[in-house]
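For reference, chains read A, B, C and D in written order, and residue numbers begin at 1 within each chain.
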Amino acid sequence: MRIGVLTGGGDCPGLNAVIRAVTRRGADLGHEIVGIRHSWRGIVDRDVVELDRSAVSGILPRGGTILGMARFDPFLEERGVERTLAGIAELRLDAVVAIGGEGTLAIAHRLHGAHGVPVVGVPKTIDNDIGATDYSFGFDTAVQVCCEAIDRLHTTAESHNRIMVVEVMGRNAGWIALHAGMAAGADVILVPEDSLPIEDACDAIRERHERGRSYSIVVVAEGYALTRRSGEQEAVSQGSDAYGYVRLGGIGSVVADEIARATGYETRVTVLGHVQRGGTPTARDRVLATRFGLLAARLAHESRFGRMAALRGDRVVDVSLDEATGSLKLVPPEWLAAARQIA
Amino acid sequence: MRIGVLTGGGDCPGLNAVIRAVTRRGADLGHEIVGIRHSWRGIVDRDVVELDRSAVSGILPRGGTILGMARFDPFLEERGVERTLAGIAELRLDAVVAIGGEGTLAIAHRLHGAHGVPVVGVPKTIDNDIGATDYSFGFDTAVQVCCEAIDRLHTTAESHNRIMVVEVMGRNAGWIALHAGMAAGADVILVPEDSLPIEDACDAIRERHERGRSYSIVVVAEGYALTRRSGEQEAVSQGSDAYGYVRLGGIGSVVADEIARATGYETRVTVLGHVQRGGTPTARDRVLATRFGLLAARLAHESRFGRMAALRGDRVVDVSLDEATGSLKLVPPEWLAAARQIA
Amino acid sequence: MRIGVLTGGGDCPGLNAVIRAVTRRGADLGHEIVGIRHSWRGIVDRDVVELDRSAVSGILPRGGTILGMARFDPFLEERGVERTLAGIAELRLDAVVAIGGEGTLAIAHRLHGAHGVPVVGVPKTIDNDIGATDYSFGFDTAVQVCCEAIDRLHTTAESHNRIMVVEVMGRNAGWIALHAGMAAGADVILVPEDSLPIEDACDAIRERHERGRSYSIVVVAEGYALTRRSGEQEAVSQGSDAYGYVRLGGIGSVVADEIARATGYETRVTVLGHVQRGGTPTARDRVLATRFGLLAARLAHESRFGRMAALRGDRVVDVSLDEATGSLKLVPPEWLAAARQIA
Amino acid sequence: MRIGVLTGGGDCPGLNAVIRAVTRRGADLGHEIVGIRHSWRGIVDRDVVELDRSAVSGILPRGGTILGMARFDPFLEERGVERTLAGIAELRLDAVVAIGGEGTLAIAHRLHGAHGVPVVGVPKTIDNDIGATDYSFGFDTAVQVCCEAIDRLHTTAESHNRIMVVEVMGRNAGWIALHAGMAAGADVILVPEDSLPIEDACDAIRERHERGRSYSIVVVAEGYALTRRSGEQEAVSQGSDAYGYVRLGGIGSVVADEIARATGYETRVTVLGHVQRGGTPTARDRVLATRFGLLAARLAHESRFGRMAALRGDRVVDVSLDEATGSLKLVPPEWLAAARQIA
């Protein structure tokens, strides 16, 4: 069997660990492994590389992906599906392991369902918002990076009687903010899921300072919309300019501004940005990514297509791609309650 | 209610996060929190300290425990139980949150069962071998520390055509070795659970080198007993001298010696030792420890004694202390298989 | 002798190491050590704390300062000098060790010169721009933090064919940008000292991409002013709003915008912010801060006032405060040349 | 010109940074760069690889060396010099940049002096014991690794009332022990240079514990010989067995044993081993290694052979290889005094 493997969407620590596991396990099971470069585009462009044990040696601790990524959707390109199918045939691929987020997995699902492409999915998102898996690799690393940064901000905040606002990633979910905030002892955590009014945040800060604490740490998920007690929400542009190129966190500054005005305390913003997506994965993410890769190789080996690796509890299982691309997983009430109880 | 909290057994990253969560949540629920110093001994010695929000401020990222630890078993001391009961009465403790490993939890269980002491347990072990919980805090940090060390050893091994043997903790279980080995790409992982014969390890290393790789990384759990194909096992003294004071890993050196003799390759040993037990916890361990602490405060608040916090899947639940102290959790076959498939 | 010690200005990793060294060495030399809280304000407010070995135990690895900081200038306050002198007298201080940057040291110098206050200075700046010392503590930590962040950005940039712009601190000097850029392999480094025209930066990026590299990392010092080949410079507001509270790096976004427009490549900005100022110091900064503290204690002990600790080559020496506050130390041509040769 | 570059001796963080700088700068100056594999042996074996910008892309943050290392001395091999000279001729090398420690540099010096080989040296040692340079790259990383490990041990020591003995590298010099010990707040530092009697160390620990501190951290340089007040010294075998393969620190265990016997306190040993030699270099080491590489390329370019890069104060200068290989640089009295004052 010839098994292709591709990485789609945004960067995520652990991608190389998946590629390595698919390659080593696939080879042990007697298959040829083909790395497809720049996501689905590599199929269309016949841009591939043979992978063997030696090709994946040393990549486990490295961030990024040796295959490159791209945002390329065959369904949006002219004759995209046709060219993709032709590419798969010409490359003689008997299976395609697609490692990616919501978008990549939806493409995989549709190619499988409507066109019979033999795909296996591996979920990838630092945002932890894919519904079919309890956790996805990359998330633990993102949280750890944020936690270390907030640890550093603590001492500066303490020494200077300041409010530090930290904007973290997470798209429409508050998972990173919630975990990093709990891990690093944030005083206020603002996530999309409960839309805490900014006035409540300011009150909490004021009460804290009245109790004698002279600084506060506020963690804001990028997906939080500024909410007022009146229920009014202000959409915050994510900072892209007319060219769509530059993106500098928006909501962090807006929240800092509001807090500064409302409380009169000196306030500073840190936007961690893509530091959260790159670099060496934590041990936990490497193990999870490896387990996903091992299962993906087995699913391909057993021709169980249309399935995806997922974590349920502590077990790695396979689920239908259909299930995987159904709905986003938001932070549930019990997690929000835990965060409120400790903050 | 006056809730005492104590930490028993060996050091473990995340202890302070539990103490902080019990204190903050307990206080919010209207209770007084009393820190008991040096485990059960602090009850006997009336060595306690009042804890409030301010007392636990800033401790979240710190390793160790602000309460100190000790190995003190009331059941082994003269009139130990009697003095413990008297201490609890005199200190007016309505609940005792006991954070500890197998030993501490067994004491808690017995004090509750036989003497009606109102205890709540929180499992603590870097070894991850407590049966009633999927994971315990401290384990993730230990694995991360080992993984970072092995990452560093990789480059030295590569540059020098060497075998690097790394001995890690874990007592009778191979959890740390297995996870750190998978995370850092070890070539051979030796754990107590499957007693891989040393000859097999040497063969694997030789085959690898014949395939052209000029170095190998071997991770050995401290609990692995040197095993031969004949089935013979050699118990390895853990290096304590006649005074019982000094302990320098034993099995790592023995394994290195065997490999060096059998393969002729230059071999080096690293014993990470207590570096695995100390220092700042990972974000994940801080979150888990905090969740355990929040639940422990609630169990005390609701007078649900004889219970212990545990992680099941991604949920924090309470289980009976009876269940918790039943049996050690060893690495199951599916984990061993995964490790074999990738190594 | 009663030796007061204070920390002024902005946060800087290593402050606690200086306080610890002054306290331990001062006590060993037979003196009482008094911690003055919130910089010079603590003298005016009689806000002090006695320091002994136990008070400084455990603070060595911690960022921030146990004494708190403030921006307080006696020469700008009403009767500020008079109240400061009265405070020193009432607190019976025979010496004041002032740990601070340009501003704090200038105040120390003036109090000594014009009013005979027995001061000893210790230079502190993450920006490394104090002329009288080759290096100051805090700088190495700031560079290391930036370097680790850029390491992480590399993999994301590589995987996505992107330009990553990283804005780092440094005030009017390019030291942090230059060192972090060299350490992390930045492709373009923009510092105030040589005012590289933005068109040159864009050309360098384009040439690099034409050679086949599909991504670039650009490090910008916050003090860099956008410069055009025409010689025109655009001052970039540092992002403080009307309230002066919020500060979110300005020049990074401006540079990213220019590059995106000129090259057409997708561009992202990261502003590391106060993460660079907080948290545990590197080993090197701890050693340097400790050596400065040891010398400061000796200078006080020997009543050699108006002097400041400084690093010259690898030796810690004392220099006149006059010399210390003379001029900023900018990046010299040979460093700029080295950076150009490797980028 | 064809410039060969080789790495000799033991592993050291920063080697790849030197190779990268020599390659990039050498190429910019119009030369061909040839990587020689496995030190001098690669010349004899004609085992070389052409290096260009692309070959050294991405290696800056990586530990180890892309060229491999070996301990190979042409002067000890049969017809070694003859074959080396023949290799240089056949490979058409106009210059050889030799990056290495004492041994490698001595070979370079002799090949140049006695046989006219056009060599340029770059000093490499984590031990910081090469006399001609104030600091060598790799040292800062080794100290940082030790410091982080000791930080972790602190919390365990504190929580358990223990003595932690940490054995660090450094060969016959105490530089790593001294810096790591100062940086991490060790209570006792044992280095070869001052041969502190073990009884003094035990007294210091006892006094500390009598003052109320319940734990101590002892850092021992591997080169320290157990010394008694009587002046007697005990050589400690470095743990190599009959095969010379296995090496597990000796002196750390011996010191721990002595302390445990003399004080009665529970004592633990950690031997960091090769973790100190591998992995990503600190920012500072990357900058220093890069500067050395830039100068080496220039020295080759200018045919200034028999010279070596060195750091003097903050300047990178060239010195004669003669000077470089003269004598080891031990820790001088003023550093020892500083360490005593703070411990």
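In this text, a residue touches a chain if its C-beta (ideal position, glycine included) is under 8 Å from a C-beta of that chain, and two chains touch if they have at least 3 such contacts.
What you see is a predicted model; the values in this text were computed from it and never measured.
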item	value
Minimum number of chain-to-chain touching steps separating chain B from chain C	2
Taking each chain's C-alpha mean as its centre, the one farthest from chain C	B
Equivalent-chain rotation between chain B and chain A, CA atoms, steps of 5 degrees	180
Rounded Å distance between chain A and chain B, as computed from the means of their C-alpha atoms	30
Distance from the mean Cα position of chain C to that of chain A, given in whole angstrom	34
Distance between the centres, which are taken as Cα means, of chain D and chain A, whole angstrom	40
Chain A residues counted as touching two or more neighbouring chains	151, 154
Contact graph of the chains (line, ring, star, complete, other)	ring
In contact (per the touch rule at the top): chain pairs	A-B, A-C, B-D, C-D
Chain A-facing residues of chain B, complex	21, 24-25, 28, 53-54, 57-58, 60-61, 134-135, 140, 143-144, 146-147, 151, 154, 179-180, 182-185, 211-213, 280, 282-284, 286-287, 290-291, 294, 312-314, 338, 341-342
In the complex, chain B residues that touch chain D	7, 10-11, 13, 15, 62-65, 68-70, 145, 148-149, 151-161, 164, 241, 243, 245-248, 252-253, 256-257, 260-261, 265-275, 277-279
